[in-house]
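For reference, the structures are reproduced in the following blocks.
Shared between the two complexes below is subunit A, which has subunit B as its partner in the first and subunit C in the second.
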Partner chain A sequence: MRTLLEDLTAALGAGAVKGDPLELALYARDASVMEGSAGCVCFPTDAAQVQAVVGVARAHGRSVVPRGSGTGLAGGAVPIGKPGAEPVVVVTTRMNRILSVDAAARTAWVEPGVLNLDLSRAVAHLGLHFAPDPSSQQACSVGGNVANNSGGPHCLAYGVTTAHVLAVEVVLSDGSVARLGGTDPDPTGYDLRGAFVGSEGTMGLATAVLVRLTPLPPAVRTLLADFPSAESAAETVSAVIAAGVVPAALEMMDQRITVAVEDFVHAGFPTDAAAVLLAEIDGLPGGVDAAVATVVELARRHGARQVRVAADEAERALLWKGRKSAFGAVARIAPDYYLHDAVVPRTRLSEVLQRVYEIADANHVGVMNVFHAGDGNLHPLFLFDRRVPGALERVHEAAGEVLRICLDAGGVLSGEHGIGLEKRDYMPLLFSEDDLAAQDALRRAFDPERLFNPDKVLPSGSRCGDIRSLPEGVWV
Partner chain B sequence: MGLSRPLADFAAEVGAEGPVAVVGGRTQWDVGGPVAPDARLVSAPAGVVDHQPADMTVRVGAGTTVAELTEALAAAGQFVPLDPAQPGRATVGGVLSVGHSGLRRLRYGPVRDTLLEARYVSAAGRLVKAGGPVVKNVSGFDLCRLLVGALGTLGLLAEVVLRVQPVPAARRWLRGRADPDVVLARLYRPSSVLWDGDSVWVLVEGHPADVAELAGRLAGFAEVDGPPPLPAGGRLSVAPTDLNRFGNERQAGTFLAEVGVGTVHLHDKVTPPSPEPSVLDLNHRVRAAFDPDHRFNPGRRVA
Partner chain C sequence: MRLEVDDDELAACVSCGLCLPHCPTYRVTGEESASPRGRIAAMRAVHAGAEAGPAFTSFMDLCVQCRGCEAACPSGVPFGRLMEGARRTLVAERRYQPWWRRAGYRLLGHHRLLLAASSAAALAQRAGLVPARLGLPRLPVRRPRLDASGTDAWLFTGCVMDAWMRPTHAAALRAMEATGAGVTPVGAGCCGALAEHAGLAEVAGGQAARVVASMTGTAPVVVDSAGCGAVMKDYGRLLGTPGAQAFAGRVMDVSEWLATRPLPTGRRLPLRVAVQDPCHLRHVQRAHAHVRTVLTPYVEEVVELDDDGLCCGAGGAYATVHPDMAARIRALKLEAIAGARPDVVASSNPGCAMHLAAAGVVVRHPVEIIAEALGGPEALGG
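Coming up: the complex of A and B.
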């Protein structure tokens, strides 16, 4: 019998399959702190080649791990398998064509490897853009966005990825291709498109995506308010939402991250403020003016020292550059960072944030906060140096405690990064056995043999809430 | 506030055996075909459990009427864009299970986007939770979207958490004659654009100044009380860019089309087209995974 590498090479051609240890090591991890090992890595160019890969993987008893750009933070693209049975990693970077754009319908068919920002740039001349804007948008793929149902600052008003995906062409585990969803509003049958979005590569591999494109708003105003305490900033968020204003984006940064960003990009952020809120309002001019006035008034009432409304597009771009450079800024000052992700009801932000600082202090880990405050989506950023013995363990300890307090506050495990490997064993804290069985039933309907990404999202045993009980074949 | 009866009572009533059908307000009882006559009829708990205006979420029993929900949210200036034709009778669970979006889908998105968390009774008679009570959540698979439009064939909705919206400060319905696609292109995020092959109806909502400005863009349109009566025979789902051609091939007044959305309301009954075989097969596998004996709403067909 031929080897896995030989069969894949026969199916895709030399050049499209990698098997040497150095190459494999590149695909053993994503942007999380976890690492696995790949059996082979392949780069198909179309659905037919993906079907061929699925056939070969099945014949060799290997699982298939879909991978876009590898920017995922939950270990979704990390290949897990016992020695000798490592998965085939299928990378979509060579499926990166925009297949068609329909300006009248405001839709586009794209291959999964198209990068998020490239798509928006390609349709900008039509006055359109792809609304989901994860901070990683220069690097992450549309296929990865679909698989993780990714969000971004502007998803507060526009909705996360699932609201912008009309149809997905998927290669299933039996090697067949199915088109889920459609160009019409209510295709017959269950909303399988909706079920697939956010399935983290466990239900099939998306080979083409029909995305909805969004018109650029006629008016946009961006403002920065600075606060003497993180609580007053968080309370302003609740007050804005309660007042019936839904900003396009409402982001919060604490002092530590503001200082780091300011050192890095000089966006003019006040480094002596305990927290800043970055709010963007868009729409028609009347509503925008009224909403800006409401936000300014509420910020002042909650103690904002200064509220700066960007005077022009250049100033607006600079404010956003400050927000979007946060991770780059952190990379300059800490050898490693761990970006957390959890959601609480917006009304609980202030108290939960306070607890996050306490937990970090108690575990002797540095923490910074830059997050999507408008939808209660916290992103504590823990700084560490993985060369220091025990440092990563302390980060995991703190991360686990943060999840517990978020759940206690009525929140959930992830707002946008997904469950993947990282939070898989925390799922029983949020869901009962019956709840998890229902999710497993859905996965079974799509992939009865667990060919795709089998060790992700759902816990396999009864392990509960201990991230250190990682499956065989992973290390952190 | 509070539920008419505990969720566990509902689960016990549904039980683990025998054919069961769930009744809401019977306003869409025929969708998906008749239920088998031997099915036991049950109704979901009703009542608004918890409304958090500053979180923009509300928890309600699935048996609550849409009118009751609307009234509970109105005090805080909020609403849920479910928009059924008969809000006094239609229940929240019924609207979600049928999955028909209201006339403001163009602005507020499909009805499935409003469901954040569902507690439903499974075919094994167990209470199961899907999703979560916050506005942003990717913890696990998206069962909520699967349940919307499932006609109660995967599980019976007991209690749900919905995303709410601020009530717009001003709204205006207008009617006139124009090319519907041109009307759509001229406006920014209208709430509804309807076309019957002759007239166009437009709903604009928002800040009063914006509403006035948008209305001014529509030369020859006059303000009216509301949309025309909806043909209630059946609904077609058409790609929005095909609507114009579709409408021009039909007699004016025999249909009402949601421009930019693609839903067409007709006087006649409509048999939905069958999905392609691979998708049909997936539909059957999903049904088999959730309700292997087809005990829920037997007779109803989703695909």
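Coming up: the complex of A and C.
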């Protein structure tokens, strides 16, 4: 029998399959802190090639791990498998064509490897964009967005990825190609598209996506307010929403992260403020002006020291660049970070924030906070240096505590980064056994043999008790 | 194999992937091994003891050293230094640069020899003896003379550029003098950039020392090649002496220097000019804004390319060493240029200019456009 590598090479051609150990090691992780190991890596260029890969993987008893740009923060693209049975990683970077754009219907068929920002840029001349805008949008793929049902600052007004995906073409574990969803606003039958979006690569591999495109707003204003305390910023957020204003985005950063960001972008973020709020209002010019006035007024009333409205597109872009590079900029302070992703009711933001600082202090780890404040999505970042003995364990401890206080405050496990590998074993904290069994049944309907990304999302023990062993370094 | 890199700098990458779209080789291949994040991961693996086999060398060698990743990295990973360190180690331990590449880099420091070789090649070209597939531009048999006019500033003329594109230096002189300055052109051979990028630290150091010694005093050292300017601004680190540090502080790109001067009045040429930012001007010197400042008064319209300053694939000696990859990267740039519909593309780096011209693009150095707008007696045609 031929080897896995030989069979894949026969199916895809030599340049599209990698097996060198050093090269495989480069696919051991994504942007999370977890690590696995890949058996083979391949780069199909269309659905037929993906079908071929699925056939070969099955024949060799290997699982398949889809991978887009590898910017996932929950380990979704991390390949996990026993030695000798490591997964085949299927990378979508060479499936990166925009297949068709229908400007009138405001839709486009795209391949999964198209980068989020590239898509928006490509349709900007039509006055359109792809609304989900994760902070990683310059780098992450539409396929990854679909798999993780990703959000972003502007999803406060526009909704997360699932609101912008009409249909998905998927290669399933038996090698067939199915089209889920359609252009019909209310398709007949089960909403399989809805089940697939957010499935984190566990139900099949998306080979094409029909996305909804959103008109660029006629007017946009971005403002930056700085506050003497995190509470006053959080209260402003609640007041804005209570006043009936729905900003396109409402983001908060605490002082520590603001300092790190300013060091990178030099956009004039006030580094002495306890917290800053970045708000964006868009819509028709008249309405925008009125809403801006309301936000400015509310910010002032809640103690904002200064409210700055971006004067032009360049200033606006710079402010957003600052916000969107917040995670990365943290590395200027410590070599490793662990990023938390939790959601709490908006009214309890400042209280939870206070607890986060206390937990970090008690565990002697540094912490910084960014939030999608408008929807209560909290991102504490714990700073550490993995080369320091015990550092990782202390962060692990703090992260677990934060998760528990968020759940106690009525929150959920993941705001937008997914469950992946990282939060898989926390699922029982939120779901009963029956809940998990129902989810597993859905997954089995798509992928009865757990061919796709088997060790992700659902605790593998929840169904048949086969506790899979995790390689060393995997952190769940 | 321990790499000649700083442990903290190597640890600084958090694998976020935000650099990926800014990397030309990743854009073309979609492979981690051809991305900044992947190259850093490979360096870490090898630094920690993994076998540094042919795969490792090829991952490192395929990097254009455009440093687009460095400007894009929010974590401040100094990728250029890491790559140079990795290559230095490969040179020392794996005979990474074959003898003919090393000989080539050395020749660049011997300016008279280079000029003679270039003229000989030009004659051979005229006689039809040089195969077109080498992609050489039409080499000049004769070069205009460059005369000193004063001591307000130096103009560094470099190696290959002086041999092949001296009219650009003439245009730089013309534009500089029109601002009222007296300028002394100095040719002291190669600045060392190519050898430094190749990991040949010793060759680079020798060349750099010669350049430092050739332009004494405190007058600004003006450079009209972005790649040379970038390394000359880094001489302090390269040579590690206070003298080199002081010299580096005097180095300015020609547009950067012109922007500090009162710009002379000239004609407004009926041209739509697209600015192509050489990587070493934009990502390394971060001085690309000045090009717009100094061009705007002299042309009808300055337009931007819609590619976030992605590398064109020239990369100093890169296009010679990896012609296929360089051409695939260039194809992306050609698309961006086509989208901007310019009459002419302005590039401040001779390598980029030649690489793009070889694909049929009309490219001129910004100072050539300015010199034309200023008019005057000089015969500036190249």
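Definition applied: the second predicted complex is superposed on the first by the 460 of 476 C-alpha atoms of A that agree within 3 Å, B and C clash if a C-alpha of one lies under 4 Å from a C-alpha of the other, contacts with A are read in each partner's own complex, and residues count from 1 in each chain.
One rule holds for everything that comes next: a residue touches a chain if its C-beta (ideal position, glycine included) is under 8 Å from a C-beta of that chain, and two chains touch if they have at least 3 such contacts.
Note that the structure is predicted; figures quoted are calculated from it, not measured.
Within the superposed three-chain model, A:A329 lies in touch with subunit C and out of touch with subunit B [touch as defined at top]. Once the two complexes are laid over each other on the shared chain, residue contacts for A:A103 go to neither subunit B nor subunit C.
In the superposed pair of complexes, A:A10 makes contact with neither subunit B nor subunit C. In the superposed pair of complexes, A:A48 makes contact with neither subunit B nor subunit C. Considering which of subunit B and subunit C touches more of subunit A, the answer is B. Judged by the touch definition given at the top, the superposed model places A:P185 against subunit B, while subunit C stays out of reach.
Contacts of A:A362 after superposition on the shared chain: neither subunit B nor subunit C is touched. Note: no residue of subunit A belongs to the subunit B contact set and to the subunit C contact set alike, using the contact criterion stated above. Those residues of subunit B that touch subunit A in the shared complex are 52-57, 77-78, 99-101, 105, 109-110, 112-113, 122, 124, 126-130, 132-143, 145-146, 148-150, 154-155, 165-167, 181, 188-189, 206-210, 213-214, 235, 237-241, 258, 261-263, 272-276, 278-280, 282-283, 285-290, 302-303. Listed in rising order, the residues of subunit C touching subunit A in the complex are 8, 11-21, 29-33, 37-38, 41-42, 45-46, 50-51, 53, 55-56, 59, 73-77, 306.
Those residues of subunit A whose C-beta lies close enough to touch subunit B in the complex are 102, 104-105, 148-149, 151, 155, 159-160, 162-163, 172, 176-180, 182-192, 194-195, 197-199, 215, 217-218, 238-239, 241-242, 244-246, 283-287, 290, 343-347, 372, 375-377, 410-419, 423, 427, 430-432, 434-436, 438-439, 441-446, 448, 457-458. Those residues of subunit A lying in contact with subunit C across their complex are 18, 20-23, 25-27, 29-31, 43, 69-71, 91, 93-94, 96, 113, 115, 117-118, 121, 136, 138-140, 264, 325-332, 335-337, 385, 387.
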